[in-house]
Amino acid sequence: NALMKARITITPKKSILDPQGEAVKQAIHHLDMPCVQEVRVGKYIELDIDGSDLAKTQEKLETICRDLLSNPVVEDYRLDLQA
Amino acid sequence: NALMKARITITPKKSILDPQGEAVKQAIHHLDMPCVQEVRVGKYIELDIDGSDLAKTQEKLETICRDLLSNPVVEDYRLDLQA
Amino acid sequence: MITPELIAKHGITPEEYEMIRGILGRDPNITELGIFSVMWSEHCSYKNSRPELKKFPTTGEGILVKAGEENAGVIDIGDGYAVAFKIESHNHPSAVEPFQGAATGVGGIIRDIFTMGARPIFLLNSLRFGDIRGDSVQARTNRRLFEGVVSGIAHYGNCIGIPTVGGEVYFDNSYNGNPLVNALCLGVLRHDQIRRGHATGAGNPVFYVGAKTGRDGLAGAAFASRDLTEESKNDRPAVQVGDPFMEKILIEACLELFAHPDAVVGVQDMGAAGLTCSTCETASRADMGIEIDLAKVPQREKGMTPYETMLSESQERMLIIVRKGREQVVRDIFAKWDLDAAEIGMVTEDGIMRVRDHGEIVAEIPAKRLADEAPIYFREASEPTPAPNFVLPQVPPVLASEALLRLLAAPSIASKRWVYEQYDHMVRVGTVVVPGSDAAVTRIPIETPEGLKYKHLASSVDCNGHYCALDPYVGGKIAVAEAARNLACSGARPLGTTDNLNFGNPHKPENFWQLRRAVEGVAEACRHFNAPVTGGNVSLYNQSPAGAIDPTPTVAMVGIIDDPAHITTQYFKGAGDEIWLVGALGEGLGGSHYAAEICGRKEGPCPVIDLAAESAVHAVVLEAIRQGLVKSAHDCSEGGLAVALAECCISGPSATVGATVE
Amino acid sequence: MKVGILQFPGSNCDQDMFHVCSQVMGLQTTYLWHKNTSLESADLIILPGGFSYGDYLRCGAIARFSPIMRSVIDHAKDGGLVLGVCNGFQILCESGLLPGALVRNQNLKFICKPISVKVCNTNSPATLLAKTDSVLTIPIAHGEGNYQADDSTLADLETGGQVVLRYCDASGTTSSISNPNGSRNNIAGICSAMGNVVGMMPHPERCSESALGCSDGLVVFESYLECFSKSAALA
């Protein structure tokens, strides 16, 4: 049967403090790569979905991204759905 | 000055237990979307890098991905570098 | 341009605006208006509750720093050692974002303690939510808030390495949509290590240390000097994010700096209203002025306006007044810990808080009048109509045995293991009695001429919102009595109290009457148990969709156990031991959990309390413990005698035991 | 035996370890700051619990690049004694001194409670004085203690007798019920092939004094002292 794949990336909102991004940037500088200016660390979620109705699935996934997978108060999300 | 953008996604290896993936799958099923078969939860890291020498930066980033950003014992990574 | 709407959006009344023009002798600019609005908010100035707070007993022979003098009160515990402790609330931020709201609440109270020069030793918390049972949207929201708050507290406490050793969790629909998150921290210091927040000595440099400043917590601020476009709106995070890892190294760096008393003149943490509050309060306490330049303040984001920098509530930041000539000591210590330490200004003699931005003056306000002379309001109070009296139905709705099981299953009474097992309650190898008993007992290592010795402190936080809703005066007394009861059951005598007053909108006379009466009850009981109030917090405007929350004067009490052999826990130890009830059983079931849970009626009257009889009971229990007669001791509270007996049987770590009672 | 306790900015249990080693065991003990490289001729190196670098990315992911870790790896290669507890165990795995990795607990929650563990091998330096199959009650306190390794690594650990501690119930039986975090084969602690490097999630330093309710953890420190004095006698 047909299979769709959804790739969701969730990143902290632009001006929210991202202590993890800061710590990873320091660590990368210690590994002598000072040219790294900014680091943002977020979540990556991959879903394998049965079916082939892209539009309906896209719409369902938008609500799930907003209500469950991300916290709209502190995070933004990007959803990419492909057959 | 020129800026390069690296996008790294880190996902747990297939063979390794992914408690977060399991928990998210259950939660999605509760939100009546049973057609979701598999969920993998990993990390998404975005880097802004000064400079324009794609090849050298790619090579440096590969080592950093392997040694710092991911743990090869339990995780796979994918690196995408663009000017 | 300052318009009447803008003034109103800043929560400043026309009369208050006139007071501001009187103080300045001119119209304030936008940054000054923002500064007054935050310093004269209820949260910073207690303008609606201050007259009531004066009723608390705050003196006693062990008191080294009184309530209101500094960030936290300090009480002597003997051998030249003392403890600083305080409770504070983060109710509204936790309703917006439970995880970060609760986490930053813990971070904030920890800062209040180590700013006094004390090493933080343990944390307690008191949490209240709407009912979490059932599948309604409200119940699901309450579960999400509950889970977010607990994991936020766990995240911050576990990462910073300070154990959360006890607390309480209550569920009642009066807290729907407005959870209460009260966090307590206790720290230990020697008498000579006490640090105060005074900006003394004109010319002494003012240092900003810790995290960089961002636009955290500014979503609430009514104004941006740039117009508030949709785009700029979202770069104002509605929530402050806590970084416990940063605070841990801030504690180590500060305590290392305080070991150079010659270098440090004054210290103040940046809590609510960040830079504004810390600068004007340190100046006002020392009757001095202070001058800073915002260009020198480490910033995390570009293009921040003076308004945003002065009002930002970024976390993990401290203000330190350094003795002139000793600046290098500060720079070296903070460099070792990879922390920012920037000299941003100096102490002046003119009593003015002067703020520059790249040299240009953006705010000039007399510090004393800003910090200490907020308007005081004597709100109108009127007694609400009392709740009807609960009449025990002729035929009990369920069998007693089934009622007991249902009470034990009620979330407010049921075991809180699911909560405290998420908190690291053992780090610092000091937790002698782990969560799950009446009071937490922690051992405090102290150096004495004869080598390492231990003091044993007991701590408990309590409040029964049902009682306070029925009669805030009696409910207030009972909250204190219950905390003291928990200490006595653990073998401890009370030292001091801190309280977190969680009430509704003070402009409604019934709410203000509840605040006044609760304060009077708590004050009377603290005086009676000789446990003076060392400080605390007021959180008003707590409303659920159905109206004000139950009046909740959370009381936390700290006591000392003179001999470790007297440490007592609540669970039965073995078969054959006798069970004694000390003190008489009350009669009515007004305000009881039986009435609420089994009969579904939250009705009165509030149980009576006789403070003299109460302290007699405590004295008997303590004396029996001292004579080695007691294996365990537990207090009857929610659910009464039946629940208390059941808890004694099942709350032990290993096998449970039974009990037969006539 | 001289003990060196590593101190990272985010370590929390370093002071607890110091207390047990110096006050309870009376050993000469010193802190080793992560930015230094000298181990100050310590015989036993302890990587304590805590959140080393705020545990960003993965627990111990950044700590392993601290200057001190180079010296710890050399010390281990020369057969020196190394003990990693909780976050210390995670750092030892991240730096390759021990196989496998510690991932998020199965219930996704932080867990702090006393737990039963069975001693599976008594010739590791940490369990020399314990009895085989004896059950100890030692507290755990972690959010990422779920030990994972691929099948071949796991097989080597089992056949090589490198599994030191296993989660079990009070009577000593290991099952999924008595597994708090989802670790494969209920693994709570392992040692290196040479046996000199040990990593465990439970905190022995939290139960080495009866005043705190249980002293089952003391046997770990006494075993190290025994192991050191025996090897010193041979040298």
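In this document, chain identifiers A, B, C and D correspond to the written order of the chains, with residue numbering beginning at 1 in each.
Heads up, the rule we're going with is that a contact is a pair of C-beta atoms (placed from the backbone, for glycine too) under 8 Å apart; a residue touches a chain by one contact, two chains touch by 3 or more.
Since the model is a prediction, treat every value here as computed from it, not as a measurement.
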| item | value |
| --- | --- |
| Between the pairs A-D and C-D, the one where more C-beta pairs touch | C-D |
| For chain C paired with chain D, centre-to-centre distance based on mean C-alpha positions, whole Å | 37 |
| Computed distance of Cα centres, chain D from chain B, in Å | 30 |
| Mean-CA-position distance for chain C and chain B (Å) | 40 |
| Where chain A touches two or more other chains at once, by residue number | 19, 23-24, 27, 31, 41 |
| Interface hub residues of chain D, defined as touching at least two other chains | 53-54, 56-57, 61-62, 65 |
| Where chain C touches two or more other chains, by residue | 243, 245-246 |
| Touching pairs - complete list by chain label | A-B, A-C, A-D, B-D, C-D |
| Chain D contact footprint on chain A (complex, rising order) | 19-20, 23-24, 27, 30-31, 41 |
| Interfacial residue positions of chain A with respect to chain B in the complex | 3, 9-11, 24, 27-28, 31, 33, 35-51, 57, 60, 63-64, 67-69 |
| Residues of chain D defined as touching chain A within the complex | 53-54, 56-57, 61-62, 65 |
| Chain B-facing residues of chain D, complex | 57-58, 61-62, 65, 93-94, 99-101, 103-108, 146, 148-151, 182 |
| Chain B residues within the chain D interface of the complex | 12, 15-17, 19-20, 23, 43, 68-69, 71, 73-74 |
